[in-house]
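Given below, in the form of structure tokens, are the structures.
Look for subunit A in each of the two complexes below; its partner is subunit B in the first and subunit C in the second.
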Partner chain A sequence: MTVWDDLVGQDRVIAQLRSAAVGARGVLAGEESSGGMTHAWLFTGPPGSGRATAARAFAAALQCVSPDLSLGGEPGCGHCDGCHTSLTGTHADVDVVSTELLSIGVKETRDLVRRAALSPAGGRWQVIVLEDADRLTEGAGNVLLKAIEEPAPRTVWMLCAPSVEDALPTIRSRCRHVALRTPPVAAVADMLMRRDGIDPEMASYAARATGGNIDRARRLATDEQARSRRAEVLGLPLQLGDIGSCMAAAQRLVDAAAADAKEITAELDARETEELRNALGANGPGGRLPSGTAGVVKELENRQKKRATRTQRDCLDLALVDLTAFYRDVLTVQLGAPVPLDNEQVRPSVDRVARAGTPEDTLRRIEAILACREAIDANVAPLLAVEAMALTLRAG
Partner chain B sequence: MLCVMARKAADDPLAPVTLVVGPEELLVDRAVSAVTRAVRAEDPEADIRDLAPGALQPGMLTELTSPSLFGERKVIVVRAAHDLGTDLVNELKAYLGAPADEVVLVITHLGGPKGKALLDAARKAGAREVACAKVTKAGDRLALVKTEFRTAGRSVTEDAARALVEAVGNDLRELAAACSQLAADTDGVIDEEIVARYYTGRAETSSFDVADKAVEGRAAEALEQLRWALSVGVAPVLVTSALAQGVRNIARLGGAPRGARPGDLARELGMPPWKLDRVRQQMRGWTPDGIVRALQAVAEADAAVKGGGSDPAYALEKAVVTVATVRNT
Partner chain C sequence: MKFRVERDVLADAVAWTARSLPARPAVPVLAGLLLEADGGTLTLSSFDYEVSARVGIEAEVEDEGRILVSGRLLADICRSLPNRPVEVSTDGAKVAVVCGSARFTLPTLPVEDYPALPEMPTAAGSVAGDVFAAAVAQVAIAAGRDDTLPMLTGVRIEIEGDTVTLAATDRYRLAVRTFLWKPDQAGLSSIALVPAKTLNDTAKALTNGDSIQIALAGDKLGEGMIGFEGAGRRTTTRLLEGEFPKYRALFPDGAASVATVETAPFVDAVKRVSLVAERNTPVRLTFSDGRLVLEAGSGDEAQASEALDASLTGDEISIAFNPAFLLDGLSAIDSPVAQLSFTTSTKPAVMTGKPDMDAEATDEYRYLIMPVRLSG
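Moving on to the complex of A and B:
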């Protein structure tokens, strides 16, 4: 076992990071040349390709203290103290930052900059992994610039974003770029079987249906509800008979996303609120809070509300991605392309939609779904955006 | 002492304790000044202490209510009594049990659950109560305008009163000011023409007015309403959401089964029955194709007002015109 095991189908990237980790050892030993190691990295790749996994694995390799190293072994053994704590997120010198909110603001970023100026407690590297670099606000990005350009000697920044364009140009130019590709379906299925013990049939279904997105494939393979939700979404293209049913279908889609999001957040919210109330000294559940603490509770509520918005958008976005995959299959059938369908299990409806329209219609429909995703990202009321999309899907 | 107070408390502005309850500021101020006027009428030398919210400090009440050397009457006005702390509430309660003879105490209170203990205590002690409930109905506002003119010794026509309310808006203080201004500036019966000379336009219009006009296909009126709405500060996002709701209602009602019972339909579409009738009226002339284009235009406008475009007003106008004109295509 090594730290790279969880990185699926990214051989080129693994080779690059491995040699950088070897170079990093040289730097620690006081060698002149850095041998492929540098202080700032930008990991990009489509969702589910394992950006954060790659960054964590690299962090682990940098912190590896395996005894084999002195015998000529490669850093990143996966079972020494350094590797293990880095991967589980408890290493003192590895800071993993991600957000549940819509953006990362200036205030949080200033803390990171302060942290980046510290020397590593373990004497190796101070690693800061910023998982959602695409969610940095412009102001927050600017706060980072100086710290990324000339960090303390042993500080390493690892930023993750879906594409290079998601990072500010000024940040981009200060980082070494690591591009991950969409992992091949077979590799994802193989990983699901190997790591999560999922049976081969389910693994290959989940891997194909999610088009190489590892996180979603795992969720689909392990969660019955995710599968039934997906089936509902894939049924939508056949429900677009008249205007009324389009509107109803749009409403259902948005409601389902809201219900999913609520389920995810409600439990979390209740626990956080209760913990905060206890910390503030409210006497028992539903007891009175001491005066002057209402503001703190309010702040938590605001944060929870922002998280709920984000979660709802994410859920809706997933549904729209599934819908895109459906029309991709329709296009595949219409063009007679010799590639497997993402959604083999709904082939009858794919065929029906394919017969009813032309490839041009399908392309317009895919465009409409993408436009809807963009609109939701730009804060358009979700119901309105989805309704407009459903009506366009119907018209073709 | 209690029974003495109760007897005096009928509707005498000189009652030892007056409780002014409610959020409508104009009425509160009027009630307070009615008391001070009545006291002044009896004793022009009366000492009037109007304590702004937060001005009452612990211990002050005893000082203020203790007999003065010259024995003149005193009015003490405690504003925003719902915000008083426990100590002050206890002081006030103690005073309510034994009011001083030459003092008239006025307590103003929002009337909500906040600081309710004081309210209950004052009521129990038999204080005279003046209700100043929020005026929310258009009819009540009309009545207020008429009363204003009557008090000023003037008569006003029904149409004139309505025009004034429409032009000045819902703020009672502004309405009262407008009434007294008109009464001072003009002679004779106040009719619509006089109101129009001094006040034109509309003070308040909602995003729903815009949406209603737009889906009814009255483009010019919808644009006019939109301009009014934007200039009185209605947020552009409210207009797009009202427009979306308008078009959505038409689309959903259009897609509903023909023979459904109104009650079932209302429940299924989540609209009250009166709304259903209104939407049914508005539905005339809409085609499926029109609905598609209208909804898409609204969605575009929503993106534009939320930062996607440079001019929200233009985006809204474009959406309103599109919605109002596509219905017959």
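Moving on to the complex of A and C:
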């Protein structure tokens, strides 16, 4: 096992980060050349390609203290104390910053600037992973500029964003760019089989259906309900007979997304709450929270509530992406393009919709879905936006 | 793991270690207290990513081991135990604390997820605990509190042979304190920038020992760690990186006038007069022979003035200060009499303390304060 195991289909990136981690060891040993190591990195890649996973793996490799290193081993063994605590998120020098909110403001970033000025606790590197660098407000980005350009000698910034354009130009120009690609379907399927023991047929279906988004593929492959909700979403194009059924279909789509979000957050919330209560001593004799700690639990609950809101939005967006993939398949059939369908399992419906319209209709429908996503992003009530989309899909 | 230990010894150690547990743990395991039984020693540690605390106590160790338990809960339990030997033993994922007829079973936390504690640096020397705590308190008062320039939130510690100099500034005032210590090796020279808040807390937490050891890591980059040890209790703190302003040059070479005022009446007068000073407006001090006049407020607004006895050598001077910064300095000099030296009303003034009106001022502690420019 190594820290890179969770990165799928990113061989080029892994090679780059590996050599940087080796270079970083050289820097620690006092070598002049940095050997591909630098103080600011920008990880970009489509959702589910593993931006944050790559950043965490790199952080772990920088903190690796494996005894094999002195025997010529590569940093990033995956089981030494440094790697383990980095990957579980408890290492003192690996700070993973993510947000449940829609943006990261100036106040939060000021604190980051202060932390970035500290020296590492373990005498190696202090790594700050900013998972949602695309959510930095402009003001917050400006606060970070100085700290990213000239951090303390042992501080390393790792920013993650979907694409280079999502980072402020001034931040972009201060970082070394690491571009992750959409993992190939075969690689995702292979990982599902290898790591989660999923049977080949299901693995390849899940990998294809989710277009290389690893987290979603795993979910789809392991969760029966997630599959049935997806089927619900893909059934929508055939349920747009009259205006009434459009409304009903829109409602079902929004409900499915909400149910999806609820399941994801409920699982996570329960685990987090349990861990925190345990650590605070609430699960000891008496089962009460020690005095003065109720606030911490309350804070966690607030954070979870905010996350639930965001997850719901994200799930709806993903459902709309699935719907776009369906119409992409329709277009593929209409144009007779020799590429595999994303949604092979609903081929009959794809064919039916393809016969009923022209490629121009299909393109208009894809436009309508995009418009709906943008509307939701601009805070239009989700149900309204989806209803409007359903009506446009029906008209073609 | 299994060990027996005296109740008071355990309760003290747990209470002290639990003090540095983070109030808002960034990850749940940080709310845990690490117990390590090894040989004849039980080591208790806590860590909040910036400060680590560690204490070793004697214990009868039957089985060696390493566990993590909720620090708050353990502290609450130890505080209320009867005065009998305490036996602690693990049973699977649970740990049992038995004392007399009282028995507690608590869950353990995943010890493999607990972050590695920083190592204690080695190069060291010692100083009396109360001297150190007082010096830190005097200097930390001038450290910056905003995060725009992180290095200003720190206290700079300079060690040169047997002299230690502490300095802090927030751009508007600068506090410098020197004291003597006993370095372990002659000719030791080292520099560190320690976050002011944690330094202040640490210094206070270690005052119970007679003397405390200070340990600084070498000059190598990235080994920024300072350690303190007193009566078997050790803490480490992460250092700030960054260039501290060259503060020595800020002290003026000579003084055009030197005023001496009794501190207590001066403090009272500043507090009274500044009642009418709105936020960010100054109090004006006018020194003439034998007299100091304080004024605040202007124009149509409320005004106040008060006169005090003061002695002055040199030119008469009128100068204005932010009242909060002035009061901070007057309380930090911690002396019955305050001496202020001025060059001009637009240049910084230097405040020092002395035991009585006729004594010679000491340079042990100096508080430099920027005046507020008066318009018109």
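Following the convention adopted for this analysis, the second predicted complex is superposed on the first by the 343 of 396 C-alpha atoms of A that agree within 3 Å, B and C clash if a C-alpha of one lies under 4 Å from a C-alpha of the other, contacts with A are read in each partner's own complex, and residues count from 1 in each chain.
What we mean here is this: contacts are C-beta pairs under 8 Å (C-beta built on N, C-alpha and C of every residue); 3 or more make two chains touch, one makes a residue touch a chain.
Keep in mind that this is a model prediction, so the values were computed, not measured.
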Contacts of A:A381 with subunit B and subunit C, given as first, second, both or neither:
first
Under the stated touch criterion, which partner chain does A:T392 make contact with: subunit B (first), subunit C (second), both, or neither?
first
Once the structures are superposed on A, label A:S245 by its partner contacts, choosing first (subunit B), second (subunit C), both or neither.
first
Between subunit B (first) and subunit C (second), which does A:R310 come into contact with in this model arrangement: first, second, both, or neither?
neither
Regarding the shared-chain residue A:R56, is it in contact with subunit B (first), subunit C (second), both, or neither?
neither
Looking at the overlay, does A:R365 come into contact with subunit B only (first), subunit C only (second), both, or neither?
neither
Superposed model, subunit A: greater residue contact from subunit B or subunit C:
C
Once bound in the complex, which stretches of subunit A touch subunit C?
28, 30, 81-82, 84-85, 88-92, 110-111, 113-114, 116-125, 152-155, 275-276, 278-281, 283-285, 290, 292-293, 296, 299
So, in the complex, the side of subunit B touching subunit A is made of residues 240-241, 244, 248, 251-252, 254-256, 288, 291-292, 295-296, 298-299, 302-303, 306-308
Going by the contact rule at the top, pick out the subunit C residues touching subunit A in the complex.
23-25, 27-32, 47, 49-50, 52, 70-74, 76-77, 104-107, 109, 112-116, 118-119, 146-148, 150-151, 153, 195, 217, 220-225, 238-242
Residues of subunit A that touch subunit B when the two form their complex:
242-248, 375, 378-381, 383-385, 387-388, 391-392, 394-395
